[in-house]
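Paired with chain B in one complex and with chain C in the other, chain A is shared by the two complexes that follow.
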Partner chain A sequence: MAKTIGQEFVKGLWEEIPPFRLVLGLCPTLAVTKSVENGIGMGLATTFVLVCANILVSILSGIIPSKIRIACFIIIIATFVTVVELVMQAYTYQLFMELGIFIPLIVVNCIVLGRSEAFASKNGVIPSLADGLGIGIGFTLSLTAISAVRESLGSGTLLGYSIFGPSFEPFSFMVEAPGAFICLGLLLCIMNIIGRK
Partner chain B sequence: MGDYLVLIVSSMLINNITLAQYLGICPFIGTSKKMETATGMAGAVVFVMTLAAIITWCIDTYLLKTLGIEFLRTIAFILVIASLVQFVEMFLKKSIPALYAGLGIFLPLITTNCAVMGVCLINIQEEYKFLEALTASISYALGFGLALILFAGVRERVVLGRVPRPLQDTSIGLVTAGMLALAFIGFKGLV
Partner chain C sequence: MREMVKMVIVLTVLSSLSGGLLTALKNTTEERIDNQVLKFVKGPAIETIMEGAQNDPVADRFSLTVDGMERNFFVGVFDGNPQAVAFEAKASGFGGDMGVMVGFNVNTDKIIGVSVTTHNETPGIGATVETNTDFKNQFAGLPADTDPKVKKDGGGINAMSGATVTSRGVCTAVRKATDLYQQIKSQIKDQVKTFTG
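Let's turn to the complex of A and B:
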C-alpha cells in the first residue's frame, strides 16, 4: 500500500478507468452519451460528487459505526448530489433539462458508493481526494470518448459542429438505445485488445 | 380503462425501463448469466419497485409538497428505498422464509439499483395520479423482469457459441443487449 498520491490519481485514468475496467455506473454511461456536451457535463457532475463524498467519508470514517456505514455514505453522497442538482438548475438550465432524472440518479451510481466503501473509508483525506479526482476524470474521459463516437456517427456532428459535411447520412441508430449498448460493447472489446498487449 | 391499457403497454414494452430508458443496467448485465439468478432478481425487483414507488409517491405528495421542501427529494427517496429494502429483507426472513431463500442475496443489491429510484422519479416527473403511478410502476417492474429473463435466455445460448476472446463476457453481453433493444424498438408501433 505504498502508493504515492500521484499513483492514486493516475490509476483512475487507465488501470481502473470506469466504466471500462470497473464495469460500474453503466446506466448514466449509456443514457447521457448522445452528445459530447452531455457526456462532459455528466462526467464533471459525477467527479464533483465523487471528490466531495470521498473527502467527507475519509474524514468521518473514524466516527461512523461500521454497521450503518453504507446508510451514512449514501446520505453523504445524496447531500452532494442535491448540491449539484441545485447548482446545475441555477446556472446550466439547458444541460439540467437534457440530463433529466440522471442527475438525481448519481446517488445510485455504483462508482461513487464503491469508491467510498472500497477506498475513502480506509484511507486518509489526501489519497482519497486524489482517488476521487482520478476516477472522476477517468469517468469523464470515458463518457467523452463514447459520446464522441455516438455523436459523430449518429448525428454527424461533434459538439454541435458538423464534421462530415452535408452529404453524410447519419445513422440515427447510434443515438438510440441499441446503438448505445452495441457501441459500449465494441469499445470494451477494443479496450480488451489493447489491454492484453 | 383504455388509458390504463395504453399506460401498461407503453411502460412495459415501448418505454421499457432497461432497454429504452437505460435504467438498471448493472443488475441487468450482472445477474443475467444464469436463468436462476435472473428470475430471482426479476422477482425481487417487481416486489421492491412496486412498494418503493407507492411509498415515495405518498411521501412526495403528502409530505414534501405540502411542506414545500421538494429540494430534499433525492435524499428522502434514497433513504426510503434503502430502509424499505432492509425492512423487506427482515420481514421476509421472519415470515416467508421460502421466498427469502429465493430472493435473499438480491435484496441488498436493489438499494443501488437505479431502476427503482428511476421509476420513483419518473412517477413524480410525469405527475401521475395515485392509480396511474401504481399501474406504471407495476408495468415498469414487469418490463424489467421480462427483459432480464429474455436476456438471460439469450446469454445462456451465447455462452455455447465460440466468441472471440476480446469480446467475451461483458462485451458480448452488451452487444446482445443492443440486439434485444433493437427488437424492443419494434413495439413502438403498438400505440
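Let's turn to the complex of A and C:
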C-alpha cells in the first residue's frame, strides 16, 4: 500500500497535480497567471513554502496536540511565507510588486494547508519532502502552462519577448479575469482527454 | 489540565521561535529592501533629474531629520564635484498625494529638475505629468527660493492642458521643496561636500 518516495514525488506532477487534479489554490492561479514570469515566480514561492512547511509539520507532528494542530500549521506556514516575502522584497523587488498581495496570501492557500493536514502530519520527513516538492513543482508547471497560453495570446509575448511579430493584434481578453477561467477550463479539458486514454 | 498546559506551551514556543526567526531575517534584509524600494520607486525619478551624473545618486544618499521627519537626500556628482542634491516633497494633486522629486544645484542655488515619483492622477489627463517633459522643464533653472505658480494663479508656469489641479500640485510640491531647501541649506551643503566623485 505504502508508496515509494519516487511515487510520492511523481503523483504531484500528474495524478494529483494542482490546480487541475487537486482543484485547490484557484485564486492565485487565476490572478497571477498574466505572464509566465509571474506564474513561475508564484509557483516557486509556493513550492518553497510547501516543502518547508511539510518538513517542519512532519517533524513536529508528534508534539503538536491535535486540538490546536491547525493553529500550529498556520504559524509554521505564515513564518515561511513571511520569509519568502522578505527575501523577494530584498532580491526580486519587481516580481514582488507584480505579485503583490498574492504572496502574503500563500498563507491561506488551500494547497499548503491541505498538504500539511492531509499528508505531512501523518507521514515521515522524507515522504513529506517528496510530497511537497512534487505538488509544488506540479503547481509551478500548471501556472507556467496557464500563463504561457494567456501571455502568448493576450500580449503576444513569452517571458517578455515578442513571439508573433509586430503585426499580431493581442487578444487582450486572455489577460483579463474571464480569460483566466476559460484558459483553465480548456487546459483541464485537454488534460481529461489525455488522461482518459 | 495537562493537555491544556501542553497546548499553551506548544503554541507559545512555536510562536516565539517564529517571531525570533522573522525578526532576525527582517534585520538582515532591511537595508537591502530599503535600497530596492528607493531604486524602483524613487530611482527612475532621481535618474531623470541627475542625468549624466558620475555616481549612483540612489546609493549616494544621506538623511536628515527635519521637523521630526527623516528625509532622504540624493547626491549627484557632476564634473568630479558633488554639486546636485535631490529630495522628495509631497503635495495633493487631483487624486490624492503626489510625490515630486526636486533636484537642486547647491553651487548655483538653482533647481536642476523635477520629476514625479508617485501619483494617483487621472490616466490620460493628470497622469501625463509622468511623461510631459515640456511642463517639467519649466522648473529647471528657477532660483532655489522660487514660489512657482501656474499662469492661472498669476505665476509663470504653463499648466498642462486640462490638468490645472495636477499642475498646481506640482507647483506646491516644488515650493515645499524650495522652502525646505532654504531652511536647511547649510546642512545640505555640508553633507553634500562629503561625497566625492
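Going forward, the second predicted complex is superposed on the first by the 196 of 197 C-alpha atoms of A that agree within 3 Å, B and C clash if a C-alpha of one lies under 4 Å from a C-alpha of the other, contacts with A are read in each partner's own complex, and residues count from 1 in each chain.
Operating definition for what follows: contacts are C-beta pairs under 8 Å (C-beta built on N, C-alpha and C of every residue); 3 or more make two chains touch, one makes a residue touch a chain.
As the structure is a computational prediction, the values presented were derived from the model and not from experiment.
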item	value
Which superposed partner A:Ile75 touches (first chain B, second chain C, both, neither)	both
Greater chain A contact set [chain C / chain B]	B
First, second, both or neither for A:Val149, with chain B first and chain C second	neither
Contacts of A:Ile137 with chain B and chain C, given as first, second, both or neither	neither
Partner chain in contact with A:Leu86 - chain B first, chain C second, else both or neither	both
Touching partner for A:Gln94 - first (chain B), second (chain C), both, neither	second
Chain B and chain C footprints on chain A, overlapping residues	71, 75, 78-79, 82, 86
Of all residues in chain C, those that touch chain A in their complex	3, 6-7, 10-11, 14-15, 18, 21-22, 25-26, 29, 32-33, 36-37, 39-40
Parts of chain A lying in touch with chain C, wherever the complex brings them together	60, 63-65, 67-68, 71-72, 75-76, 78-79, 82-83, 86-87, 89-91, 93-94, 97
Of chain B, residues touching chain A in the complex	19-26, 29, 71-75, 77-79, 82-83, 111-114, 117-118, 121-122, 125, 165-167, 170-175, 177-179, 181-182, 184-185
Residue numbers on chain A that touch chain B, as the complex places them	23-27, 30-31, 70-71, 74-75, 78-79, 81-82, 85-86, 100-101, 104-105, 107-110, 113, 176-182, 184-186, 188-190, 192-193, 196
